[in-house]
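So the structure is just underneath, and the comments pick up after that.
Note that the chains take the letters A, B, C and D in the order they are written out, and that residue 1 is the start of every chain.
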């Protein structure tokens, strides 16, 4: 079978529709198929990444025979490829985790879950890979709709409320993006991102500004920037635990990818970058401050997640090569670490309805493995060495110092102190309080443990030896910032 | 070999001198106070009799090793301090040379504390609450008076760029002056601090006989008390000689030494003979007012 | 293999292994950790002084080297580490989560060694943070009031660490390198205002670990609340990392241009020393007392370093070593009392001297060293400190140090009296002497206290080597500062410690012999109930203990200074911030429509602002 | 005439969007909000069509007759886009309505300011 980037989209999408059918044949098949799909996607990630890194090229996949700028194309470049690979692999780990998650949920529900799960992965990967702006919008909507549905997955929770808020804000997001695409189209007459980028210098600056702002707000909603992130704490809280990990690891990552792609490649307007820094800082400060005062574990993780996205926005906003490097590193770290926090945190408050911090008191004795991994993740996310989070934070600070943004450094560090306080508080509660809650604990199944353990290994490995991953990130950074080569390689495809 | 023998004999001579002078001063003080209070008072050699009596008494009980060692610490401190204080000016009389080139003022200040702490430990083991109360009072008061004292010392050291006692004495001999005139504020601060050092009225709350049964020493008798009394006498001599050395030009011979020390001794004896005693915190705040002020002035004086 | 890496692998690997060992073979755990520390000591002391390693990680050039400064502080870490581990084997017997305890214990030892070996700021910070969290995990390991204690510790540690990180990245931003050697060459190029900022940030960073006021509030709780075996290391070695940082980075790097920084730090340290001593005096818990005492002692050390003179820095470093020795002993002794008698509250326990004579001996020696009384080691450090300050015209600092040292006599006496002397109460009649693994470390350390008083040269020698690393070349002032038993100041005055020792020991032994031999046979021991009390006969059940409000008069005298505590200000600040944060939370009021309005308002704002500020 | 047509297209679209916006932001009833969102969508779709519209244009089908007058062809891309957008809008609305039903069952009310279990 020929390996091509289009399989990233085609296979999970196909799987999504086939799951109910296979579910009829054998009820376990519905659970196994996504795993196989994601395993295969991980495999092609390795192959494709290897291919582009070793040959130093970009794979541009033409769909339906129309070469760019007329047809839709997929771009597998170091950046998009890195993100797509990350999504697939993280997806696989999370699938492993979900395999035996909530055995009491009946089979039909499970099938729905996996259908939506596959859709979500399709959408998120599609956003990253596509080279067409309208196509990006479509994938965004696929992601969004499946995300709404997954948020409301549990009937007994307040999932519907969270989902409705998400949908309300999300509709604004899609409307604004669609409007922006429309206006953009009227200006440049094309939807291919490379061609847009090529024609952008000729666009009237006023229109350029308006379109950019529309995109900014639209993608800002998806990437949880303040004050556009009202939906996210609720969604993280109400969605099933592993889906929280997916939101943190994929959905918002795809959102910020869209933002960054628009800002850096399509528009290349440096004036918007300070705004990104400022918004990022506010996001971070507000979110972490609220997280400090949270009494509920998942909500705390949610706000922490928002804060981290603010940090990523700041990093992108600084706009130098080093800071973008730091930003992508942060995205990677946040995906794996927050993923692990959600996965392990879910088991800490498994049967609790309120999911308050009181429920984790003294749980370290009863769930030693999960607690340990949660503690490890907490140490990692606040940037303690020798874990992965340390390096990304360090790179960001170095990048900020290079351009003398001392205020930014100061605010990041102050916020980090807050972060340390609330994460260490949880660790302390886990290990050094007496357990008073009588809620029955759930021992994680073996596959869940394995999933968390894999993430933990990555966290420690990257923390001790960051060069493991920094090569890829370096390539991705160059790829993102080198607009010309992106345009060239996309537009030259099929010209032979 | 010879030098060591000489040194040992010199040390013995110094101790004897200090002991005798200290004892007599104590006796004179008792006499003076008695006269002021319109009593006849004991003869001035009474202290000798007391010590001899104490040594000849048999001590039949003890409360443990620390009580045993407390007086030893005290006498160690006073004799060692004595060894490091030059008794006479210049080369002086070689009998009294001792070890005074081996230490300096700061060492001496610390050495002088050694005794009180050691004695306090001894007093502590007796378990007598009066002892402990006396000790806390004594130590607290010490924090009060040590500060102006050290300030005046620092002022002198800063002014003359030496920390050694012999250095200060040499300066006085060379320039033919007394340091109490070169830096009068330092002298005032030091003398006020000395009032506290001697634990005489009105700063005698430490061993206020009527309240805490002589405080730290209340559980000591016989040989222990004898040792302590000897130590106290030597210590009085050490303090007086030190003051004479650094403020009053030292002494060329023993007569001069006795006259100067006695003159100095009269200050703590006569100050507040008739006044009621200060409570501990009052004593501390006393020392932290004017003496401290003079100390600050002294340092300023020295540094400009 | 490079022995530097071997050392680190040994400690960190050993830490993980001891955790696993505790899980599967707990019997071997104690033996393993002691053996491991012995091995670490062996590797450490046989390491070649030129050992160095350069490597690149994550695109950053890192350098580790075994400098003479690393050796000096490494002595403290490795020896105190070994002894406190030996002590732990007995002290921690029967407690749970020992694997966790030893793992974090060894992690802190390893991270300290890592800090010392670092020759670049990133490694320094890397190990610094490991030290922070590993020590945090022990701070919250046991005891009461853990929440507040742990929170304070981690908040202040985090503030310190991140201030440091900010200084590090600013330095990097200007010099483009993290290597200390590069930075020393190019630091002068940085603008003065940034230099000042760096200095302040580093001051906060290292000030927290060395418990400088007003950053000290974590220390009393953290010191007194951790298991004493760790506190010995915590106060003895871990806090010295702040001192090391001060010496290596701050004074060396920044403040040589900026005397004001030195002055400010010296005065902060002096105030720390005085106030901490006062607090120590009024404590009634021995652990708290020692904790405050540690803060005060660290104050002296920092004053010495900040004085910036050769003698002063030497004094600071000497005190740093000595403080590790005697405070290590004292914490161990208090730990022994805690374990044997069940409490360290001095209002409860008393009169243990006859039950625990060896513990008392160790405490007595250490207290004499702590108080700076000749002829023990503490005096040497104090003497050098005073001389350094006087000869460099810091007269009022001398007074501050003196005030603090004099007040220190009060708590020195208090702790000996409170625990060991005074009335022997029947409820403590059952108390036995501490087991050998606890006694041996204490007595060994007291031995060092005694020796260093007469032969400070043994310690001053490595200090002199280390000072080259801290930017002091010993040949340049061309003054002899010390011989094996003689100390000099820059005015040529000296103290001959040998003579001091001979005089004191001579008089002491003669007097002791006299008093012992005289009427020895006829003397007998009587209990502490058998005391004179104005003719009344005291019954065994009468409580004659004087322990409560021990220094009440003194407390009354200094009360104006202690009335309002820094803690209270921090508490107010914390409460204020929490209230503010709760206000911020109201943004997310739960109504989805509001969120939509935020979106549209934000869009409108951007569109309006866009035309104005972004130029379209 | 042509201009009037164009303006009226744009005008209608914008008015529709504003009406929808008003409904979505100001109305408390969940259903009305969903309707508002739908109206915004419709406005946007209309805008799309308006952008591609050329009066008297031909259908964007390449045939020999119109080949020379390609200028007169209506732009096919917005039309294609609008089809997709309509489908997406439909799906979103469907999900939204499902959620509204669930919310109504759960809370027994359709007022958005009373559904505030999740906050702060």
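As a working rule, a residue touches a chain if its C-beta (ideal position, glycine included) is under 8 Å from a C-beta of that chain, and two chains touch if they have at least 3 such contacts.
As the structure is a prediction and not an experimental result, all values here were calculated from the model.
Counted by C-beta pairs in contact, the busier of A-D and B-C is B-C. For the pair subunit A and subunit D, the distance between C-alpha centroids works out to 29 Å.
In terms of their C-alpha centroids, the spacing between subunit B and subunit C amounts to 36 Å. Subunit D has its Cα centroid 69 Å from the Cα centroid of subunit C. Centre-to-centre separation between subunit A and subunit B, using Cα means, comes to 79 Å. Within subunit A, the positions touching two or more other chains are listed as 161, 164-165, 168, 172, 233, 290. Residue numbers of subunit C whose C-beta contacts span two or more other chains: 585, 588, 592-593, 596, 600.
In subunit D, the positions touching at least two other chains are 24, 33, 115, 117-118, 120.
Every pair of chains in contact is given here: A-C, A-D, B-C, C-D. Interface of subunit A with subunit D (complex): residues 134, 138, 141, 144-145, 148-149, 152, 155, 158, 160-165, 167-168, 170-172, 174-175, 178-179, 181-182, 185-186, 191, 233-234, 237-238, 290.
On the side of subunit A, the complex with subunit C involves touching residues 161, 164-165, 168-169, 172, 176, 205-206, 208-210, 213-214, 216-217, 220-221, 227-228, 230-231, 233, 269, 271-272, 275, 286, 289-290, 292-293, 379, 384-386, 390-391, 394-395, 397-398, 400-402, 404, 406, 409-410, 413-414, 416-417, 420-421, 424-425, 428, 431-432, 465-467, 470. Residue ranges of subunit C in contact with subunit B, taken from their complex: 351, 353-354, 357, 364, 368, 371-374, 379, 382-383, 386-387, 390, 393, 395-396, 398-399, 402-403, 406-407, 409-410, 412-413, 416-417, 421-424, 489, 491, 493-496, 499-500, 503-504, 507-508, 511-512, 515-516, 518-519, 522-534, 544-546, 550-551, 553-554, 556-558.
By the touch rule above, subunit B contacts subunit C in their complex via residues 58-66, 68-69, 71-73, 75-76, 79-80, 83-84, 99, 101-104, 106-107, 110-111, 113-114, 117, 120-121, 124-130, 132-133, 135-137, 139-140, 142-144, 146-147, 150-151, 154-155, 157-158, 161-164, 167, 213, 218-219, 222-224, 227, 279-281, 284-285, 288, 295, 299, 302-303. Looking at the complex, you find that subunit C touches subunit D at residues 585-586, 588-593, 596-597, 600.
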